[in-house]
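Next come two complexes built around subunit A: one with subunit B, the other with subunit C.
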Partner chain A sequence: MATSTLGRRSAGTGAAPARRPPRGLPGWVAPVASIGVPVAVLVAFVLLPLVFVGVYSFYSLNEMSGLMQTDFWVGNYREVLSSDIYRRVLWRTFQIAGAATLLALVVAYPMAYALGALVDPRRQGVLVLLVIVPFWTSYIVRTFSWIGILQRDGFLQDALGWVPGLPTDLLYSRAAVLIGFVHVFLPLMILPIYASVRNLDRRLLEAAHDLGSPPWRTFLRVTLPLTLPGVVAGLVLFFIPCFGSFVTPQLLGGTGDLMMGNVIATQFGEAFNWPLGAALSIVMTLIVVVGLAIFFRFADVDQVYG
Partner chain B sequence: MVDHDVALREVTKRFGDLAAVDGVSLDIERGQFLTLLGPSGCGKTTTLRMIGGFEFPDTGEIYLRGEPMGRRPPYRRDTSMVFQNYALFPHMDIAANIGYGLRERKVAKAEIARRVEGMLALVELPGLGGRRPKQLSGGQQQRVALARSLVIEPTVLLLDEPLGALDLKLRRQMQLELKRIQREVGITFIYVTHDQEEALTMSDRIAVMNRGRVEQYGSAEAIFERPATRFVADFMGASNILDAEVVDADAGSARIRVAGAALTVSEAGLRPGDRVALMVRPEKLRLTAATGPDGTMADGATGWDATVAARVYKGATMAYQLGLPGGHALVADVANAPGGARFEPDQPVRVALRPNDAVVIRG
Partner chain C sequence: MDDARDLRSATSPAEPTVTPGVDPTLQVTGLSRRDLLRRGTGVVAGTALAAAGVAGAAAAPAPKRSAPAVLRQGAGEVVLYNWYANWINEVAPIFEQETGIKVTSLANYASNDEWWAKLNAGETWDFFIPTTDWVQRANAADLLTQLDLGLIPNSANIFPDYQNIAELRKDDKPTALPFTRVYYALTYNTEQFPTAPTSWEATWDPAHGGKLALQDQAYARVGIAALTLDDNPLEPQKMDEIKGRLMEQKPLVLNYWKDYQSGMQLFIDGGATVGQLTDGRTRMGKDLGAPIAWTIPQEGALLFIDNFAIPKDAPNAENGHRFIDFLLREDIMLRQMRGMRYDTVNAAAYAQLTPEEQAAFAAPEGAKLILTTDLKANVRKSIDDLWNEVKLS
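Let's turn to the complex of A and B:
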């Protein structure tokens, strides 16, 4: 933002006195507006809330009154890290979010590939729009709609109940949670893969054919490696909201499918133990940040482009 | 029978209403350097892509070493293509790019490494196997693309304007290099270009294409010296093409009327009344100061009375633009010999031409 503004100004004035800003605006306005506003937004809506949560996580609860005390106490973290329950829920959260992410990859890759490589480029815009449109409907509404589909005597059972052996009563199961996640966050997986498929140079595929690769070998040796950056971006973008989600397991999952997000929501909303909920949130955030750092260190995306 | 690596029989390819390639037949001998030459849209690239299996003919057949290809895909054909923009795999280093086809053919690792080294030496890029394509210059990438195709020892190497993206100096150098490599490996090359000079420099045979058809197929010399059609003459850079009519003909020569004068040409098989075109190379015209009214000269040359319209000094030669009766124009290149005659603008001159130096174009 800043550089483009400056670049345009110097290009516009050419050799004329370059110091004088155009249209009488003081020189500090552009940099402050273009850098300052985003920084202010990030501070107000990301950094400050995070700091508040961090501060809460070191408060304690008064045993008698149940009210929060503003002291400095690491007992919340001790409880989070030593408790077997939280470790089990964390592991389950990983499993569910990971399974949903892999499932989404399997669903999204063929869609993204078809969209980016097989569809006439002039018609891709409309189809991409169709991928995005569900995002305009509330996440909660879309999740609720699955209850009607998956419940006993629901739409799925009406439609496919006659198929022997096909489970149609899926509500309040792990499968329902996975279905919900895949449906709700699928665009996050499709869009980055679509972008990398679209950027794929078709002549490289012809070159692979020419050198003796049948289609499936071409896919493994050329298409897949060259769209890997999109896949990696999709995996990350999809995994993170699943990892922190609590609505989907709450609405669609059974008691055995509760995730970390549910535990945190319970601490804040029902147990009124904000310090413990805050400590759990901080641990989750750290896991995601550290996990991402390690992930990007090993999955060196730039390698692909040399 | 001649050993044909590639044969095309009445090959036609349509894109919608347009016949990109229209009934092309060609026989290409083993080990030859053939150039498909023509303006953009003439069907040369489509022809090349059909030989490689990237497109299939609507009608007609393509044979590789006598075997009909039908709708066989590229990965099951013994051809290899050097693409215009190289199409090197960006996620692999140079050695992996060159070894790609060998790996697909399940060649042992050590053998691949050995042959990749050999190829790097052939294209004069030793020691660059570990680089990425983006770290190489355009000319170097071009050599890698060539090596990647040659290493699999195809029956035919297809080259789609491979030098198009290089600057002129590098182009000239690569033309000679390509020719050297072709002689060294002895593989049939089919080369597509729109540059007639490039075609003349490198080719054993040239097929000049226009509107999906082969206008003329022959040696570089034949195409340049005796173009079969007006299009070929024009495309090969001829500057003097005049409409002509046969007045009188006998067994070995004919009298033709062209731009107001009667000329004798050595051309058999013409009949009085035939409408033809006459092509004259600028360097074959001789100029003298205008003399008597008689058109015949000592050595049997005939010619026109003309006026010098302009002259351009070109170093070794002087190019004269001449105005002929009836609004026709000619260009003559006269060697700048010491003590040779010079002509001034507006000066009347006599333009002479030996019967053997005029090329009659019937098409």
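Let's turn to the complex of A and C:
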């Protein structure tokens, strides 16, 4: 939702002139193709799978065979909504994903600001590429690499063991999960903020300076509000994959770092309870969609996007 | 034959009866994912589901197929789908050379639910390796070919007591043949434990606090806690006491590992000195230089069996039989034992091992081993809930 809004905004400033349809094709072909293809892709790869997950969430398990049987049973939703266990897992998921998102913002904003405002524009491309490069490596490999870094007598201790107070037991802890999330999804936070920083009108900063505003006030009153769209987009883009993740807490987390993604994965694997897993997935999806809808309804998006 | 490898003698009389085979007459109505696709969602839906992976994967029962399994003539090819990649990739060229049958390997799976999802979505192949509880489910959904043992003479190599496991049969005919067994063993550091611990209580000993590594699997955790309470690990009754035991143990745990590689790594250089790992991974870790060993404690241990099977709709079922026969040959099974380090139920392969090797694979004499079979849905749910509560605490 955030990205589409941003997309509409940017389209107005830098959109290429509309192409004419090739000669010989009716005029409706180009618009239908340009709208129809993305819609078809979304329907095929997002909507239909979601519909099927929704359908399965109303199935039940046969008590004798343990196999899924096709009926219309709301018991899975009753279970999800009434169970104290799932409420607690959900709350813990919010806590972990929220903390990771805030930590990522703290790390990403200075990087994005430096990248967009302080680095020579001719060199920004290379640095942006470096931000994206980790995405070319598998999520799981990147997460596994943190085991070698954080474990006792691992790379972190080898390199910084002389630092007094350096924690030696970071692996298998909440801190390790947060570090893993921040590393894995950081580009999702940096890139939208970087785009906002690049679009900053420098004249406003100069005006604030000329009017005697100290740098911190200029940042709070000018820079931050103008880059807020990027911050909002980054928060949303970062939070959502953390919210549904299960690999990072599984590999790096401690004995209590249970997230909803782990519970859902277990339902599809060991527990062999796909209807319940489907119901949990639908509830998670609804939470994200409703959360975003409320956010964009009450957050005065026009104000946010200036 | 070594009693420890004899399934019947390995399980004590007091041990709970394993979950019986699923009633073949069971009528499960409704639509499978196959049906959903067939009934008009069309090509687009099919594409979407294929891309959906977990999201769309359905465990719906397959439509009942009344026709008996008729072996189709092989087409000079056998298509494999498995999770023993190192071994299979090593021996497949030998099979090709000996038979002239072309081997095609699909991407490997990491867990049974992956093949289940694909099989229910209409994909098929000629050979795969399901675990016993998933064989039971596949039998209930009528997804497997009934094996013609006339085409698998090397099935005689299987220990006699593993040849007629009820869970691996449907309508009194075999649908899967066992080949490896995996113990959820008590693994320990031999420098910390000069003699092997005799009880799972070692994993509740505060002396090892912060050095315990245990598998993050509800059925293993609850099952082993049940064993310490003299309860039935496959249908535990003392749930409150089990929860109390697991809560008591949690502060001592360094990590609940999820994948076997991580579990092994914890014992090699991750600081774990005692806990639960598989016997195969313990052997592998020992081969890598870690001072570790495994044992079956007096309370017993859970036993998992991996099996060879052929899907019901396999295009080259006859070649699938030939490939199973090839893998059950002692020299081929020995390559698995020496490479992937899993124990087998293959008497002919065992006979080829040196006494030292046999000792490294064999469970202790008279060990109590509980074959893990499919649990009832309500039991699975209550065990799963209990484990989530423990992790949340």
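Criterion: the second predicted complex is superposed on the first by the 270 of 306 C-alpha atoms of A that agree within 3 Å, B and C clash if a C-alpha of one lies under 4 Å from a C-alpha of the other, contacts with A are read in each partner's own complex, and residues count from 1 in each chain.
Just so we're on the same page, a residue touches a chain if its C-beta (ideal position, glycine included) is under 8 Å from a C-beta of that chain, and two chains touch if they have at least 3 such contacts.
These figures come from a predicted structure and were not determined experimentally.
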{"item": "Clash or fit, subunit B versus subunit C on superposed subunit A", "value": "fit"}
{"item": "Contacts of A:I132 with subunit B and subunit C, given as first, second, both or neither", "value": "neither"}
{"item": "First (subunit B), second (subunit C), both or neither touched by A:L166", "value": "neither"}
{"item": "Touching partner for A:V222 - first (subunit B), second (subunit C), both, neither", "value": "first"}
{"item": "When both partners are placed on the shared chain, which of subunit B and subunit C touches more of subunit A", "value": "C"}
{"item": "Which superposed partner A:Y56 touches (first subunit B, second subunit C, both, neither)", "value": "second"}
{"item": "First (subunit B), second (subunit C), both or neither touched by A:V39", "value": "neither"}
{"item": "CA minimum distance (subunit B, subunit C), superposed complexes, angstrom", "value": "43"}
{"item": "Touching residues on subunit A, where the partner in the complex is subunit B", "value": "201, 203-204, 206-214, 217, 221-222, 225-226, 303-306"}
{"item": "In the complex, subunit B residues that touch subunit A", "value": "52-54, 73-75, 79-81, 83, 85, 87-91, 93, 100-101, 104-105, 132-135, 148-149, 152"}
{"item": "Complex interface listing, subunit A residues touching subunit C", "value": "40, 43-45, 47-50, 52-53, 55-56, 59, 61-71, 83, 85, 88-89, 92, 147, 151-153, 171-172, 250-251, 254-256, 258, 263, 265-274, 276, 281"}
{"item": "Residue ranges of subunit C touching subunit A (in the complex, touch as defined)", "value": "22-23, 26, 28-33, 36, 41, 44-45, 47-49, 51-52, 54-61, 111-113, 137, 140-141, 216-219, 250, 253-256, 258, 262, 265, 269-271, 374-378, 380-381, 384-385, 388-389, 391-393"}
